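Contents: one structure, followed by commentary.
Every chain is named by a letter (A, B, C and D) in the order it is written, and numbering of its residues begins at 1.
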Amino acid sequence: MAPLLEIKGLKTHFSTDDGILQAVDGIDITINRGETLCVVGESGCGKTVTAMSILKLIAMPPGRIAAGEIIFEGRDLVPLTSNQLDEIRAKEIGFIFQEPMTSLNPVLTVGEQIAESLRRHENVTRKQALERTIEMLKLVQIPNAEGRVHNYPHQFSGGMRQRVMIAMALACKPKLIIADEPTTALDVTIQAQILDLLQDMKERFGMAVMLITHAMGVVAETAQRVVVMYAGKVVEEADVDALFADPGHPYTQGLIRSIPRIDLDSAHKTRLEAIGGSVPILINPPVGCRFAPRCKFAMDVCTDKEPLLRQIAPGHRMACHLGDTQLGGAA
Amino acid sequence: MSQYVLRRLMIAIPSLLGISLVLFVVLALAPGDPFSELATNPNVPPEVQAALRARFGLDDPIYLRYLHWLNAMLHGDWGFSFVSRMDVDTLILQRLPATLYVIGSAQILALLIAIPVGVYAATKPYSLFDQVANTLAFVGFSLPTFFTGILFILIFSVTLDWLPFVYTTDIKATGIHYVLEMIRQAIMPVAVLGLFQAASMTRFVRSAMLDVIRLDYVTTARAKGLGQAKVIVKHVMRNAMIPVVTLIALQMPAVFGGAIVTEQIFRIPGIGSLLISSILSNDTPVVMAVTFVFACLVVLFNLIADVLYGWLDPRISLR
Amino acid sequence: MLDKELRSMIGDVKDGRMDRRAFIQRLAAVGLTAPMANQILAIGGVAMAQSPNPYPPTKRGGGGPLKLLWWQGPTLLNPHFATGTKDQDGSRVFYEPLASWDVNGHLNPILAAEIPSIQNGGLSADAKSVVWKLKPGVKWHDGKPVTADDLVFNWEYASDPATACVSISTYSGLTVEKVDDLTIRIKFNDPTPFWANAFVGAYGCIIPKHLFAEYKGGKSREAPNNLKPVGTGPYKFVEFKPGDLVRGEINPDYHMANRPFFDSIEMKGGGDAVSAARAVIQTGEYDFAWNMQVEDEVLLRLEKGGKGKTLYAVGGDIEFIAVNFTDPNTEVDGERSSLKTKHPILSDPKVRQALALLVDRDSVKKAIYGRAGRATANYLNGPEEFVSKNTKWEFSVEKASALLEEAGWKAGADGVREKDGKKLKLLFQTSINGPRQKTQAIIKQACQKAGIDVELKSVVASVFFSSDVANPDTYSKFFADIEMFQIPMTQPDPALHMRRYHSRNVATKENKWQGPNFPRWINKDFDAAIDAAETETDPVNRAGLYIKCNDLMWQDTVFIPVMHRLAVEASANSLRPALSGWANQTDNLQDWYREG
Amino acid sequence: MAGLTLASPSAERGVYSPWRETWRRFSRHKLAVVSLFLLLILILAVVVGPFIWRVKINDIDIVAGMQGPSLSHPFGTDDLGQDILARMIYGGRISLAVGLAAMLVSVFIGTLVGALAGMSRGALGHGLMWLTDLFLSLPQLPLLLLLIYLFRDGLKQVFGPEGGIFILIVLVIGGLRWMPVARLVRAQFLSIREKEFVEAARALGASPVRQVVKHILPNALGPVIIAGTIDVAAAIIAESTLSFLGLGFPPDTPTWGRLLYDAKDFLDIGPHWALFPGGAIFIAVVAINFIGDGLRDALDARRVI
């Protein structure tokens, strides 16, 4: 059946004084109903901008969607005005932000901030909205929900606030949840609880989840399918097992190798491996493959021709000249 | 909360006493004489002026006059004006309505202009509207009120002859006609004063809004599909207005102080013109009464501002 | 003029061979003013002409509201406490005197049945007693009859020092006896040629005994009626807000027929002179504006397209520059400008004359006062008979420079003259007011041309005219070289005006700088002339003495008169206010009416 | 902006000093640059003017009174025939100096008191706030009368008649406007003091003074600059209001405020007399405010432009 969300050739650019920043430069991502897709990549590779572009949450100006389509249930969201998009925001697509400490309005009670999206999208009375809110808070395992619904954000811990954010995103039972690094700001123990909670919610409501993270551990634990992004482009896309078992793109390999391993005894003595250099500035991106400067297997072709996504196994695509038979390139 | 308020009020009493002492000393030391008009009048022998000064205790030592004033004040006797020999409190109460009416409505007009313009300019930073609003704000507070006042009179009263420019407190009409006449004669002073205050207020509202508009929870609100207007009003303004509300509270005493210049030009019998004429004629009891009430209002509205801040921003707990 | 000739003329008038008008013209030719001439006639046994102000209206009221603008609003409504003319104007709306001076110097009877004169037995030949008769049937606003007791009470009330009245000097040196219910006799301690002072004019307003009796003396301030006047005037009290508003309504049983013309009166205070002029002349929002201290050019402009005009009344007010005869910069046992010192620069008469030559009266008149000022060399400019004809003024930088050269002040390198090491530098102070600041600028420039460096200083009025001992900036302390301000003449008589500069009145530390002789000028001839004039009953000699005093001042350049200032008012074209140079603006309020 | 990458082709930026960075961000604000230019012209005209336009400020020529702008008098003449351009140049120096000096005084005292009150936790804070309340309720005029009366002669001996009054006016206007700045700075300090980076500095052993100067103050500058620039306008206007009431500079010192005051009655006869000083005040104030806007944006690192 048709995928829930299809992003085709998305380009989001930001006009800055030094020139046009091409944060997202032609992205193709698809999410099927009920699927958990992880988008992974270093910070600055454009994954958050992609997510924000879906619901046009980026500040326009200076940002703008230069090209591409975002098809959600067969309807392209790009030409929609902000008001039209409001029907979809939170109702169809929920959003969980990265920074719980600052993503809740400090002067409104937690309950009010959840109830207001309920009242906006479903014609419910104030009383019903409050009941539904308490119900949601119980769902996300916030103790004494009836009491705490009237508390203010500063009376909750980081983990609790993220639970509130999740409750808020799920309030209207959207079909897709975009979680932008939901656990980055939390410490590890809370991280696991939040991810489990997300997983339970997904099964309970049968919704799709687009999880954005830079931690490969989170990917391994939650994702069904993975998209690896680098410098504004998708470099590899595969099922999670295939990706970890047989990473195609050198960047993906580097990412996997940089995960600290406790199960291998050899890991104790060796230094952790890291990929040298850092993400390039996307004001005037280099020609050819953007990972070339940091890639061990860089070939001449890599710096003059941009590799396109090509199928290297069923459901496994990658954008790299390595092993590209048509080229006949040397190893 | 009430425990905090009580404690603050307890502190206010000694501080007001201190302020009243300093005020009294400043006024007593300032040169000048309420009976100056007698000086050049040959009909009046100099002894009369000296006798009057003695009778009103102007030549006593300062601390004596302060104690005398203080205990009279505690008995509710605010003393009488040397110039008009009228009890000071009746004099002030007589002029209060005109001040509250004109200066109060100017302050309200200022808010009615400043908040919408400031908010709208902040939502569209560096847009045409924002630039125009900014420039008009600069025009507003860079021209002194006595200049704009006279300009208004020349345009609306003299050439166009639409509006009277002498403010009178006794209007013969009643009912709706009275209200109309009251509005007609207040348009110019309120406009002059209101635009001047609106100017600096607009800039403040705009910068307060700009600080809030780019914070994360505003993006969260937009992600909830609430619509631009609701996001701005319910989420952005609700936070941005906290410093603005405190500023308004702090400017309230100025309403009582009246606007010396505007009242002078439009002949509004307000507290401002009473204050300036008393100062220039060295009528110490009146000046002392007005400035003391002003000091009480300053301390009171400081407290109100802090309480408002605590009430509006849940993060601040008033211990 | 020979006394003999004058006495024969009085005889002719008395026998009807010469009519009154011819007599006044003859006297005016000789320099005797109308008010004085009238009094001569009165003393000379001829009754004062009782020509009331022209008043054509034939019925009382119906004139609608009378709206007045006093840019200094009245602050209290008890004539005896009036600190400024503004308070007298406010009180005069409700209270009335026995008589007041009208426009051409006649005594206009108000509460009095007639004007006392030798003929009707009111005046004693030796000018030591006067009998006033009250108009019968006059009632206070609250219905009580006005009797001689009220008059006697006003004398007791005002002369009692504990009441601390401003009108204390008007009622001192005399006693008031009740002759019968409607008549009183005033006995002067010593002969008073100018007898028309008590119960006359602004200071002569009468307050009701039955309301103020218990508030005589120390408790005078607590009288409730201080703020709610009950008088005999043409308008009854309605509302009073100090400094802002005085309102009255028509007095239905006013004691003069067909008066007052207007149904209500509103006197609005506040603002400044220019906007008051605009409100009357340009927009016509008000009918009358008081005391137009405004540049003539502005008034001329307003009158062009306006609905009003300016009115002028000739009095005796003089704007002058006073010269300090003592040294303001050296302190002798704790007193600056003390009599024990001599002014290092200005004690040289040549320098003072040079200074007098540098006052460009034409420019001051043209740029500032215009129709409201007359250039003059006299300190005493009114009444007519006291105005000296033997003084003259001149503006010439060359003559002044020559005089300074003669006096040994040689031009220094920087254009400022010096003499044995001292620079010719003067401190010129005045009170803060637009026209005065401009006059200072004009004089400063002329002085600069002649090599005198003038530093200007302007002091807040309430500080400049204060009698606060600790304040260094008062005019009576005179801690400057020259100072300029105006002394008004409140009576058509020079006695008060000239007596100030007697050497016994010099302002010193002992008398707490209360002495009115602030230039610290000592002149024996002047003292002798003043003492003689005090008791001189013969009007012609008296006039001659005061003219001599004025000339002495001119020769010694004690004062450099700048402008003989006229009273300027703004009035709507249709209004007919009864104004007089010798009285306050509302002294004849009952005769105001509107025409067309 | 991301850091450097060895191979990144974008131009080598090199280390730039914070002030060049501030200037780069400041120059982004077009109006601020224009205003800076305008202000410099004004200051230049006022300082160099007298050497070019030689006419004396008090040449009285009654006949030539109240004339509009003409060749001999580019700004026209006032009612005494004095040349307005010369008076504007002479007065401009004082008006601008009073405006800027008063602003500096009020900002300096305000920041000092605000910082002290903000940093202190105990009685000092309350004491300073009492002092602020006291000054807020002091009526400006009688205090001015008193100060003039007490200090004028002393200052006159030392600095000469005009210098003495200048210092007095600056101290009074500046000395009575620092309270809002103090309250603003205190509020900023109370919130910034709790921020993590200040705690970090404290943890590193920074002395309170260093914390204030290095960390808290730069972050509190934004609103202070705005208050400062508004103060310049208020100071120039306060000086003119003092002339309105006849206090302030001696009558023959034609500051812009006094010119405006003298001209207000002749607005319909000779509008030029009021418009030139009014215009000059307006240009100076607008320029200073736009510069303030530009400065605040330039110094506020968080604001991405």
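As a convention for this text, contacts are C-beta pairs under 8 Å (C-beta built on N, C-alpha and C of every residue); 3 or more make two chains touch, one makes a residue touch a chain.
Model, not experiment: these values are computed from the prediction.
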**Item:** Chain ID, smallest distance between chain and overall C-alpha centroids
**Value:** B
**Complete:** Quick note, more Cb pairs in contact for A-B or B-D? It is B-D
**Prompt:** For chain A and chain B, what's the span in angstrom between their mean Cα positions?
**Reply:** 55
**Asked** Per the centroid of Cα atoms for each chain, what is the distance between chain A and chain D, given in Å?
**Response** 51
**Prompt:** Which integer distance in Å separates the CA centroid of chain B from that of chain D?
**Reply:** 23
**Request:** For chain C and chain D, let me know how many angstrom lie between their CA-based centres, rounded off.
**Result:** 48
**Item:** Shared interface positions of chain D, touching two or more other chains
**Value:** 145, 149, 268
**Request:** Mind pulling the residue numbers of chain A that touch at least two other chains?
**Result:** none
**Item:** Where chain C touches two or more other chains at once, by residue number
**Value:** 460, 463, 471-473
**Fill in**
Note: in the complex, chain C contacts chain B through residues 69, 75-76, 81, 83-84, 161, 164-170, 203, 221, 226-227, 239, 241-245, 247, 266, 268-272, 275, 278-279, 282-283, 285-286, 460-476, 485-491, 496-497, 500, 512, 514-516
**Prompt:** Considering the complex alone, what residue numbers of chain D touch chain C?
**Reply:** 58-60, 62, 65-66, 79-80, 82, 145, 149, 153, 161, 246-247, 250-252, 262, 265-266, 268-269
**Item:** Sites on chain C touched by chain D in the complex
**Value:** 274, 294-295, 297-298, 301, 363, 366-367, 432-434, 437-438, 440-442, 444-445, 455-458, 460, 463, 471-473
**Prompt:** Across the complex, what residues on chain B touch chain D?
**Reply:** 11, 15, 18-19, 22-23, 26-27, 29-32, 131, 134-135, 138-139, 141-144, 146-147, 150-151, 154, 158, 200, 203-204, 207, 243, 250, 253, 260-261, 275-276, 279-280, 287, 290-291, 294-295, 298-299, 302
**Touch list for chain B against partner chain C, complex** = 31-53, 55, 58-59, 80-81, 83-86, 91, 94-95, 153, 157-158, 161, 164-166, 168-170, 263-269, 273-274, 277, 280-282
